[in-house]
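Shared between the two complexes below is chain A, which pairs with chain B and chain C, respectively.
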Partner chain A sequence: MVRTLNPLSKVAVCAVWLVAAILIFDARFQIGAILIVCIVLVALERTSPLLLLGLMVPFSLFGLGFLTTALLFREDSAFALHVAGESVFGSPAASAGVTLFLRAVACGMISAFFALTTDPGAFVRGLMAHARLPPRFGYALFAALQLVPDLAAEAQQMRLARAMQSGRVLRRLPGPVEAGSLVIPLLAFAIRRAGRTAIAMEARGLDAHGPRTIMAVPPFEWRDAGFAAVAMIVLGGLIVLCANM
Partner chain B sequence: MTSDPLSPEGPPAAQWRAVSVRYPFAGAAAVGPVDLAIRRGTRVLLLGASGSGKSTLLLTLTGLLPHSIPAKVEGRIAIDGVPIETRPPSGWAADVAQYFQDADRTLCGMRVEDEIAFALENQAVPVARIRNAVAQAMEEVGLPEAWRQRRTATLSGGERQLVALAATLVQNAGLFVADEPTAHLAPVAATRLHRLLTEGRPDRTMLVVDHRLDGLIDAMDRLVVLGPDGTIVADGEPRAIFREKRSLLAALGIWCPAAGDLDEGLARVGLCAPVAPLSVADALAHLNPETAPPEDLARARPIVAAFVAKASAEAPAAAADAPVIAALVGADCAPFLGPVVLRGVSLSVRQGEVVGILGANGAGKSTLAACLAGLLPLKSGVREGAKGGVAFQNPESQFVGGTVRDELSGALPRRMDNDERERRVAATLDQWGLAGLALRHPFELSQGQKRRLALAMLTITDRWPLLVLDEPMAGLDAAGAAALSARIDDLRSDGRAVAVVTHDMDFALRVCPRSVVVAEGRIIADGPTPDLLADADLCARANLSEPSSAAARRWLQATKSW
Partner chain C sequence: MTDKQGWTLRETLIVTVLGAVFAVLYLGWVQVWLIAQAVFGSLTMDVVMGFWFIVSIVAAAIIRKPGVAFTAEVLAALVQILLGSPAGLLLLVTGAVQGAGAEAVFAATRWRNYSLPVLMAAGVGAAIFSFVYTWIRFDYGALQPTIVLSMFVLRCLSGALLGGLLGHLIVRALYRTGVLSGLAIDHDVRSALA
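Take a look at the complex of A and B:
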C-alpha cells in the first residue's frame, strides 16, 4: 500500500518526521515515533520484524555512543541534562543518554520506512520529473543507491573465493577480521563499478543537455495527499500527547 | 596494412586512420597504428588473440577512450565521415549501439525494462514508442515477461548478457558494435543472438568481436585480424582468409571455424570443398552420400572419421572402480543465502574423471558446481569427499594481489622454499601465456588474460583433488583454450577430478568423456557426452545445441555402407 505512493510525497513526510525527531528532545516522542513506523511497516507492508531489528543494529550502535557519552561525560552535557531532567527517567544523565539513543533509532526507523517502501528508480524518476533534478545527478544518485545491494553480492562472492583459498567453512555472517579485510577490496570494487556504470550510461546516450523522455514517472494522486495529511495529523497528535503527559 | 579503400557511395560508416592507443604507464601501444574503413551495410568480424587490442579499438570508436577511460589516442577516427571529436561519446548513441564484453559496462544496474528503455529515453523517444520497442526487444531476445521488474544485478552472467543485448538492439542504430556477445550464453541463446545480429536491418553496419565463430561466421562479409602488436595482419573475405592464412591464424592463437581442420584433411586427399567452408556441413556439401562418386566417399571416410574422433574426448572415461573424489547424495542446492534452485541432486566424480556440467543460462550450473566443490552448504542431502577448488565465472572475484606474479605466488602454500616458489610461478606464467604480464595489475589485463590468470592460480597448486571450472572458455582465444585443454588432460592424468561448467558444446565433447545436463531444477541426464549431445530431444529440452562435428557424425552414418 505505502509502496504505491509517490516517492516524493514519502520523502517529504519522512523529512518532516525526521526534523521533528531531531528537534523534540523527549524520549516519549521518540518511542512513539518508533512504534508508529514499526506498526505501519509490519501491519501494512508485511515487513519482517526480524528484518527491522537487523536494520536497526547500526543505528542502535550509533545511539549507544550517545548513551555512553552522556553517562561518562555528564559535565559536558548540562543543557541536555537539564532538559532530560524534566522527563520521567530518574537519573538525568541516563535520561539524556536514553533520549539520544532513542532519537538515533527513531531516525533510523524513519529512514528504513522510506528505503523499504520505495523503488530507487521510481524515486530518481520522480526527482527528475517533478523536482527538475538534472539527469546526470539523478542517474548518479540512482547508481549510488543500487551500489548497496551490489556491494553485498560482491562481498559474498569474495567471501566464497577466500573461503576456498583458506579452506575454511563459509559462515553466514563474517567475523570482525574477515569483515575488515573486505573493506579495501569492496572499496576498489565500488570505484570500478562506478566507472563502468558511467561508461555504460555515456555509451547509451546519457547527456547533460537536451530533452529526454522519462518513463514510468510516479504520479501525484489523491492518496498522496491523504497519506501526507494522515502523517501530519498523527505527528501533531503525538507531539500534543507527549506535551500533555 | 591499410584496409578497404573509400567507397564511391559515400563516407565509410566507421573509419580509423593511423590510430594507435597507449594506456598510461604502458611501455608499448595497446593497439595500432591501425587503418581501417568499414563501408555501410557490411558485417565485419574482428579477430585477434587475447590482449591484441580488439576491445581497445572498439572503445575508441565513439571516443569513450580517451574521453572516459584515460589513454593517449593518436590518429583520426570518424563515423559516417564526421570526426568523433565533434560530439561527446554520448552524442553518438543514436548512431552507434555498443555491446561491451563485460555486461556491467553495458548495463547500469536498473530493472530489466528500465535498462532496455534507457537509451531510448536519452534520445527523447515518445513513451508509447519506447513501450513497444521494449516489448519487441524482450520478445526478440527471448526474455521472459517475469524478468521485467527484476534488477539486472540479480541475474546470472548469461542472463545479464541477454538483457545487455536487448538494451543495445533496442537502439536500432545504423552501426552495431559487439564485443564478445556470446561469451556467457548458452548455445540456443547464442544461436538466437547470431540470428538477431545478422537478420536485422540489411543496411546496418556491424562490427563484431567474438571467439565463437560457428553460426556467426557465414553471415560475415569481411574478416579483419589483429596481430599481437595490435596492427592488422589480415583483412578480407572470411572464406579466403580461413583457408589461405590458416597457419598464420593458428600461429597467433586465433580461433578458426571447426570446419577448417576437416577442409585441410580433405585437401590432402584431393577432396577439399570447391569454396572454402565455414561450417562442417559446407565442408561436406560436395560429398553428398547420395550423389557423390563412391570412390570419393571411400577416400573421404577416414578423414571424416578422424575429424569426428578428434572432436570427441580423447581421454578414457574414469574406471568404474576408481575412488570417488566428491559426491552429492540427494542434495538440494542453493546459492549463498538464496533459495533452493536444484533438488534431489545425486552426482559423484571419480579420480581421474572430467565431467561436464551443461545447461541453459540460469539453470543452476554454477550453484551445482559450488556445492560439488563443498564451497556452498547444502540445504538438504549429503556431500561426501574432499573439498574442491573453484575457478569462478567472474575471475576478478579471485584477485587480491597487486601483480600477476603476486596472485600466483599467493596461491602456493606459505611454507614453500623461495626458489621452488619462483620456479613454479615462472613455469605457470609460461604455461598460461602470461610471461610478459607478471608485473601487471590483474585488473589491467584483458578478459581473456584475466581468465587465464584465474585458471593458473587454481592449477599452480596440488592442494585440490577436485577442480571446478566455471565457464573457463569465456574470453579465451584459441591458444588459451588449447592450453586449458592440455592442462585439464594433465590434471586428469595426475589423478585429479575435474568438473567443467560450459556452454561450449565442442569443448565439452572434446574434454569431458562424461557430462550431466541441468534443467527443470534437477539433473535430467548423466552419461557419455557424445550420447547426450546426439540426443536431439534432450538437447531441445535443456536448450543445448549440437556440437559442430555433429554434421560429420551424421555424414559418417549415412556413408556407413561405403
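Take a look at the complex of A and C:
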C-alpha cells in the first residue's frame, strides 16, 4: 500500500518526522515514533519484524555510543549520580542517554521506512519530473547504480589476477591491506567507465538543454495527500500526547 | 557546456560515479567504525569521521568547479538511498551538511586553490559543519566541556588527515594512472609544468 505512493510525498513526510525526532528530546516521543513506523511496516507492508530488528542493529550500536558518552561524560553525571545514590541507571544522565539512544533508532526506523517502501528508479524519475533534478544527474545516477555490481566483479577479477601472479591461494574475503590496494584501480575503472558513458550519452543527444520525455513518472494522486494528512495528524497527536503525559 | 562554471556531461558522470564508489566504501567504513567503537569506546566516531568527507575533497580536487564538493557528498548519499541503505535518508542530510562545510572552504579560495593545505582545510570545514549538526542532534551542550573539546579536536584532525590528506594522496595516485587527462586537474598540472 505504502509502496504505491509517490516517493516524493514519502520523502516529504519522512523529512518532517525526522526533524520532529531530532528536535523533540523526549524518550516517549521516540518510542512512539519507533512503534508507529514498525506497526505501519509490519501491518501494511508485511515487513518481517526480524528484518526490522536486523536493520536496526547498526543504529542501535550507533545510539549505544551516545548512551555511553552521556553516562560517562555528561556535565551533570557526577552530581546526578550522587543524588541518585550512585545508581547509574537512575540518573538524569542515563535518562538523557536513553533518549539519545532511542533518537538514533527512531531516525533509523524512519529512514528504513523510506528505503523499504520505495523503488529507487521511481524516486529518481520523480525527482526529475517533479523536483527539477537535472536529467543529466538523474541519468548519471542510473549509470552509477549500474556500475556498483560491476565494481564487485572488477574487484574480484583484479584479486584473481594478483593471486595467479603471486601464486597464492585466493582468500574468500580480502584483508584490509588487499582491500585498500584495490581502491585506486577501482576508482580508475569507474572514472574510465564514466568517460565512456558520457560519450555514449552525448552521442544519443543527452545535452544540458531541451525538453525530454521521462517514462513511467510516478504521479501525485489523492492518496498521497491522504497519506501526508494522516502522517501529520498522527505526528501532531503524538506530540500532544507526549506533552500531556 | 564547457565554460568554467558549468559542468560537462563527463564531469557530471565522474562526480556521480565517485559518489557511487565512495558510497560503497562508506558502507564498508561503517563496519570498521562499529567494530572500533565496540573496542575503543564512544570517541571513535570522531576519530574515523574524516573518511566520510573524502568524496567531496577528491571530486573537488579533480573537477575544480563551484558546487562539486557539495554535490559529490549529496550524490554519494543519494546512491546509498538507491542501493537501499536503511540510513539513506539520514545520510542525505549528513552529506549535505558535510559537503557544505567542504564547499565553504573552496568558496573562500574562489575555487582557485586545491593545494594540500586547502584540501586539509576543506576536511576541517566539513568536520566543523558536521560537528555543529551532531551537536544539535545529540545534545553535545550537556556534555563536559573537556570531552566536547576533545571530540571537536579529534574530528577536525580526522577531517584534515582522513579527509584532506588521504583525499590528496588518492587524487595524486589517480592522476598517475592517466584517467584524469582532459580534466581541470590535468590542465592545472600541465600549466604549472609549462
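Assorted remarks:
The rule we apply is simple: the second predicted complex is superposed on the first by the 161 of 245 C-alpha atoms of A that agree within 3 Å, B and C clash if a C-alpha of one lies under 4 Å from a C-alpha of the other, contacts with A are read in each partner's own complex, and residues count from 1 in each chain.
Assume contacts are C-beta pairs under 8 Å (C-beta built on N, C-alpha and C of every residue); 3 or more make two chains touch, one makes a residue touch a chain.
Just so it is clear, the structure is predicted and the values come from calculations on it, not from any experiment.
In the superposition on chain A, contact is made by A:I214 with chain B only, not with chain C. Applying the stated contact rule after C-alpha superposition, one finds that A:M201 touches each of chain B and chain C.
Once the two complexes are overlaid on the shared chain, A:R193 sits against chain B and chain C alike.
In the superposition on chain A, A:L151 makes contact with chain C only, not with chain B.
Once chain A of one complex is fitted onto chain A of the other, the partner contacts of A:A143 extend to both chain B and chain C. Comparing chain B with chain C, the partner in contact with more residues of chain A is C. Residue contacts after overlaying the shared chain place A:C38 against neither chain B nor chain C. Residue contacts after overlaying the shared chain place A:L5 against neither chain B nor chain C.
Comparing the two complexes, residues 143, 147, 185, 192-193, 195, 197-199, 201-202, 206-207 of chain A contact chain B in one case and chain C in the other. Those residues of chain A that touch chain B in the shared complex are 121, 139, 142-143, 146-147, 149-150, 153-154, 156-165, 167, 169-170, 172, 185, 192-193, 195-207, 210-216.
Contact residues on chain A toward chain C in their complex (touch as defined above): 11, 14-15, 18, 22, 25, 55, 58-59, 61-62, 65-66, 68-70, 72-77, 96, 100, 103, 107-108, 110-112, 114-116, 120, 123-124, 136-137, 140-141, 143-145, 147-148, 151, 179, 183-188, 190-195, 197-199, 201-202, 206-208. Chain contact summary for the complex, chain C toward chain A: residues 1, 6, 8-10, 12-21, 24-25, 28, 30, 34, 37-38, 41-45, 75, 78-79, 81-90, 93, 136-139, 142-145, 147, 170, 173-174, 177, 179-180. Residues 62, 64, 67-69, 88-91, 93-94, 98, 100, 102, 104-111, 114, 117-127, 130-131, 151, 153, 167-168, 171, 336-337, 370, 373, 375-377, 387, 389-390, 392, 394, 397-398, 400, 411, 443 of chain B are the ones that touch chain A when the two sit in their complex.
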